[in-house]
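Got a structure for you, questions after.
Per-chain residue numbering starts at 1, and chain names A, B, C, D, E and F are given in the order in which the chains are listed.
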Amino acid sequence: MYTVRIGEPDPRFGNMLLEQFGGANGELAAAMQYSIQGINCEDPARKDLLMDIGTEELSHLEVIGTLARMHLNPSKTNRAGAEADPLIAIAGGGGVALVNSMGDAWTADYLKITGELDVDLRSNIAAEARAKIVYERLLNFCDDPGTEDALQFLMTREITHMKAFTLALESLGKDPFTIGEIPPTPGVVDQYFNDSTGEGDDGERDATGPWNQGSGWKMVDSPAFQELARKRF
Amino acid sequence: MYTVRIGEPDPRFGNMLLEQFGGANGELAAAMQYSIQGINCEDPARKDLLMDIGTEELSHLEVIGTLARMHLNPSKTNRAGAEADPLIAIAGGGGVALVNSMGDAWTADYLKITGELDVDLRSNIAAEARAKIVYERLLNFCDDPGTEDALQFLMTREITHMKAFTLALESLGKDPFTIGEIPPTPGVVDQYFNDSTGEGDDGERDATGPWNQGSGWKMVDSPAFQELARKRF
Amino acid sequence: MYTVRIGEPDPRFGNMLLEQFGGANGELAAAMQYSIQGINCEDPARKDLLMDIGTEELSHLEVIGTLARMHLNPSKTNRAGAEADPLIAIAGGGGVALVNSMGDAWTADYLKITGELDVDLRSNIAAEARAKIVYERLLNFCDDPGTEDALQFLMTREITHMKAFTLALESLGKDPFTIGEIPPTPGVVDQYFNDSTGEGDDGERDATGPWNQGSGWKMVDSPAFQELARKRF
Amino acid sequence: MYTVRIGEPDPRFGNMLLEQFGGANGELAAAMQYSIQGINCEDPARKDLLMDIGTEELSHLEVIGTLARMHLNPSKTNRAGAEADPLIAIAGGGGVALVNSMGDAWTADYLKITGELDVDLRSNIAAEARAKIVYERLLNFCDDPGTEDALQFLMTREITHMKAFTLALESLGKDPFTIGEIPPTPGVVDQYFNDSTGEGDDGERDATGPWNQGSGWKMVDSPAFQELARKRF
Amino acid sequence: MYTVRIGEPDPRFGNMLLEQFGGANGELAAAMQYSIQGINCEDPARKDLLMDIGTEELSHLEVIGTLARMHLNPSKTNRAGAEADPLIAIAGGGGVALVNSMGDAWTADYLKITGELDVDLRSNIAAEARAKIVYERLLNFCDDPGTEDALQFLMTREITHMKAFTLALESLGKDPFTIGEIPPTPGVVDQYFNDSTGEGDDGERDATGPWNQGSGWKMVDSPAFQELARKRF
Amino acid sequence: MYTVRIGEPDPRFGNMLLEQFGGANGELAAAMQYSIQGINCEDPARKDLLMDIGTEELSHLEVIGTLARMHLNPSKTNRAGAEADPLIAIAGGGGVALVNSMGDAWTADYLKITGELDVDLRSNIAAEARAKIVYERLLNFCDDPGTEDALQFLMTREITHMKAFTLALESLGKDPFTIGEIPPTPGVVDQYFNDSTGEGDDGERDATGPWNQGSGWKMVDSPAFQELARKRF
């Protein structure tokens, strides 16, 4: 296992680290999402992939937990430390708990598991991208070299996993917009509904781009508004 | 709005429909995920995209809610119907509630919102793929033509959105494995850790594929096991 | 305490009864809402009222719990009974748990406590009305005389409490639309926004009534749509 | 849509604003409660009312979300800002999430929906009173003119809605203490149980008022205590 | 890993098995409780014990997950199977999810972790006793030999762990009623408060036993009632 | 009831006190766990014990709630106080809510209730040990004499209850490792699995003690690793 060393403990930063221990995009969420997808998976090769990465994430849970505990430890006896996270201080005695930086208990509602392999791989690619950016933000608030080393290592592995899941998805050889067996309704599938109406903030003005123009797209002003306008004005 | 008509109400199927009303991959989850990403988005063109699709999903919430209510209505007075979903029958009087098919209250823990545009778009692509497969499974358990029409329409739109989000992501012109600003550690990023060990089930045997072989991959037997094996055997 | 007697146990009905034991409108929710409002209340007379009714609801928790347990008891050994509520059967051995009819753990998110006495009394009037209708629906699915007696008693008391809270609110002598200290903005407060647009279902057609017509009301077509219509059509 | 402008961002105040974005009495709770009641409602005129106000609350969700985001924005890069709400800073990159001021994910457990129109309207009157007092408290902690304008507008509208729901309830012409169809048991319904016993704090002394005296009330010392006293003393 | 084989799949029993996969007393709860206690533990020998058993429970998670999946698999295509657990069928495609038998998402609120070693060991002894009785109840509803073998194995291991935790607690050599450092108040600690008053059900009559009689116990009729009786009667 | 007096209110300490009001090991959790076990209990004498202590804990809920409210009161008008717990300040007007120190709503997921008396008593012994250590930690952060008195009283009573539950368990006269009716598998029950492998932190080195050595224990290196080592090295 990765050996963790830190300099001066920083309870408020330790509290932030809990995002990757017991938070929505953290290591337990990753470990459980991939391992349970693996249990459900009927494709032997990709099942092994899901189990490999699920197991690795579980070992990361221990790394980030150990790191967070080192930073949170003073909250047991130090009042300012305790105010950083009273739940950790009072209920946990300065030890880590399976919660995020705001004390919310980890929940399986974070997980995305459908039993449809290519769908699950897409959920995993997105999950790795989220974990990467969260580690980056932690790094941006950190200047302890030992802590930075651990975070840089964990962040790097998310990119590794993102690559592996992307390649596994591509290796299935499926059309990128075919999901499951039932085809979408032709015609309806190519309509872009221009539905949002506000203008209060920059950017809610109607915009065009490859996502609603060209390549077969048909722009449709939201039917509800058309009807409304017809009636009222 | 899409006008919903059904034949014979089927409370147990109505209960299943709640997955797409108040469930993890349902219409409120989609509407909230995209709209809140939109509120946070600083790119005007893609903010409009997020708001357009967020608004459309909200209109779908009304469609699926109306559909579920029609099927659940008899549970108010019919004991067998009430047993299909006692929460809907007793607490809701046969009306819909913001819960899934097992009565779990909708929670924002379902949402994936990071404030990093390309990461959010990946989460959305995965979300649309999940919503599509859930609608397909509902269709597979349904034989009422009016209900099928509504589900086919809603399912089709998920593919439309999946396309739009994919094209919006591509239009950003970013490298697919570059997330945020801090680069991963060279060397470490190319190692595939062969971590899972069980063999009880088919498929946990070590497997290779493009996700761990070729293209710069370096296979590494899990360091923990190497160390363990060195010590014990 | 009210003594509960039942005839033949009915596990599926026992499961429905859990709505009033560990459900959103059940006896614990009532007991906690009023007692905690009472702890926070600085008006001695109405604090006593809140504590009186809070304490009574707590005694009802024991009545409904005993009743539910009698009906759920067979689920410990009887497979059909166990299928009515596997959580009660497998985790609880046929005993009650603080959950609703769908197995959701009771949560303080059900409670409405603001520390503003007249606001809290309004929340309590509404809570009693909800509890009354839930007991009525349980009675409609019940034909065991002993169970009916208990439910009729509990239902009756909700009306008693609803009266007491209404009279306590009136006795404060406040204007019905004055809440707190800061007045609403004149003019803006009298505008009714005609915002909903759908017509797919009966009743979403624009309607008028005392809630938007006469008595100083000024009907306003939703500003967003006006602006939209101006721009597009 | 209401256009929001603020002066100096204040992340700790932005965090407080989240109460009305993703909190128990916030705009999403209001929007969902009324819209779903509307989907279930079989009275066309009041269905339109529920949909009108539900839709307006949804537009307020965007106003309060935009306002909160402006105040929370600095938490992405500023450590003190990040400590105000580490979940927003680390997981959300300074953008809003559907959580309250303590980071709790929004949950449908906040909603009160029974499918019984007059009961639902009572829940809505109480909900508006709660939302009003919460906005008032936010105003009391605020001295930025742009923010105050937006909060004053949103607060005012809650009074408007409270009026509309009250008038809609009155227009049903029902007796205020008749809920549903089954009448309460005469005699039992008029008894006030004097149940609370503590004296430790002012106000738990037995008190009388219109809620337990006169108008047919019959005061009853809690039966459990009477029996206890008979046995022991 | 333990290899699982079953005869005829039984989706309703598969649903019950989820109690030990994603339920309150299940394998993930055990694995996380012990492993996180281990991360926090400063006693090297007992830290190893916590990690050993935590790791074993994690391997059991895979066993029970594989077993549940075999039983739930038909729910993907079979309507009766799907009605046993619509969440598994519709959202999960017949694969397992981290939920209990009523579809509640696993939550870290199930865990008991205090960072005080002897307290944690007591929580673990109780946790193992609970897991044992849950496996026994599952066995009582099961007649498939392969499934019985797996459940008997898993149930047996809970007794093993219960023994190990008990011996580890005893090996600390602490007085059984000394917790932490601050002693209880002499006199107050020996008083047994006779507080419950109801008589509606057998067993609420006042009872005596070693828990309130002899060995220094002093029986005290609840002070609140004494005072009340003095005043009122 | 215990009369609470405090000196200077300290909102941040009041926030910590919420752990014992609406937290996982707090007074409501204790009251509900024992009372509901009591409702389910078929042994009249120990049912009375469970009800006695359940009722006492409920009276403690009022004590700790009153104490917390006194400390939190200034958060209604004082900005620094409000930042200690914005949920209490903004949504609660400075009054207590049924939440813990991080604002998490109380949930019945905290409770351990199995309907098996000796198992429940073990859960209660552990619960009392946890409550004791939490009160001790609160005392360690407190220097207000009135608050200390109340906490010392409440802490003392947890030891009283721990004793009573222990003596009640012993009075059942059951073998300490016999739970339920089905015996564990001989042989398997005596094996200690040496499963954890890491060495990164002190204490994960393999350790021996009475929990895996002597008294019939048979040490087994984790089967998975044995198999793995056989194959790979």
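Here are a few things to note about the model shown:
Quick note on the criterion: a residue touches a chain if its C-beta (ideal position, glycine included) is under 8 Å from a C-beta of that chain, and two chains touch if they have at least 3 such contacts.
Please read these numbers as outputs of a predicted model, since none were measured by experiment.
Residue numbering shows that subunit B and subunit D use the same positions for more than half of their mutual interface. Rounded to a multiple of 5, the C-alpha superposition of subunit A onto subunit D involves a rotation of 120 degrees. Between E-F and the choices A-D, C-D or B-E, the pair with more than half the same contact pairs by residue number is C-D. As a whole-number value, the distance joining the C-alpha centres of subunit A and subunit C reads 36 Å.
As a whole-number value, the distance joining the C-alpha centres of subunit A and subunit F reads 32 Å. Across the assembly, subunit B contributes 1, 24-25, 39, 59, 62, 66, 76, 91, 93, 99, 102-105, 107, 109, 114, 116, 133-134, 197-199, 201, 224 as residues in contact with two or more other chains. By the touch criterion stated above, subunit B contacts subunit E in their complex at residues 12, 15-16, 19, 23-25, 84, 100-104, 133-134, 137-138, 140-141, 198-201. Residue ranges on subunit A touching subunit E, taken from their complex, read 22, 28, 32, 35-37, 39-40, 58, 62, 65-66, 69, 76, 91-99, 105-109, 111, 113-116.
Subunit D makes touch with subunit A in their complex at residues 1-4, 59, 62-63, 66, 76-77, 79, 82-83, 85-87, 89-91, 93, 99, 102-105. Residues 1, 24-25, 38, 41-49, 51-56, 59, 107, 109-110, 112, 114, 116, 118-119, 122-123, 125-126, 129-130, 132-134, 136, 139, 152-153, 155-157, 159-160, 162-168, 170-171, 176-177, 179-182, 184-185, 188-198, 201-212, 215, 222-224 of subunit A are the ones that touch subunit B when the two sit in their complex.
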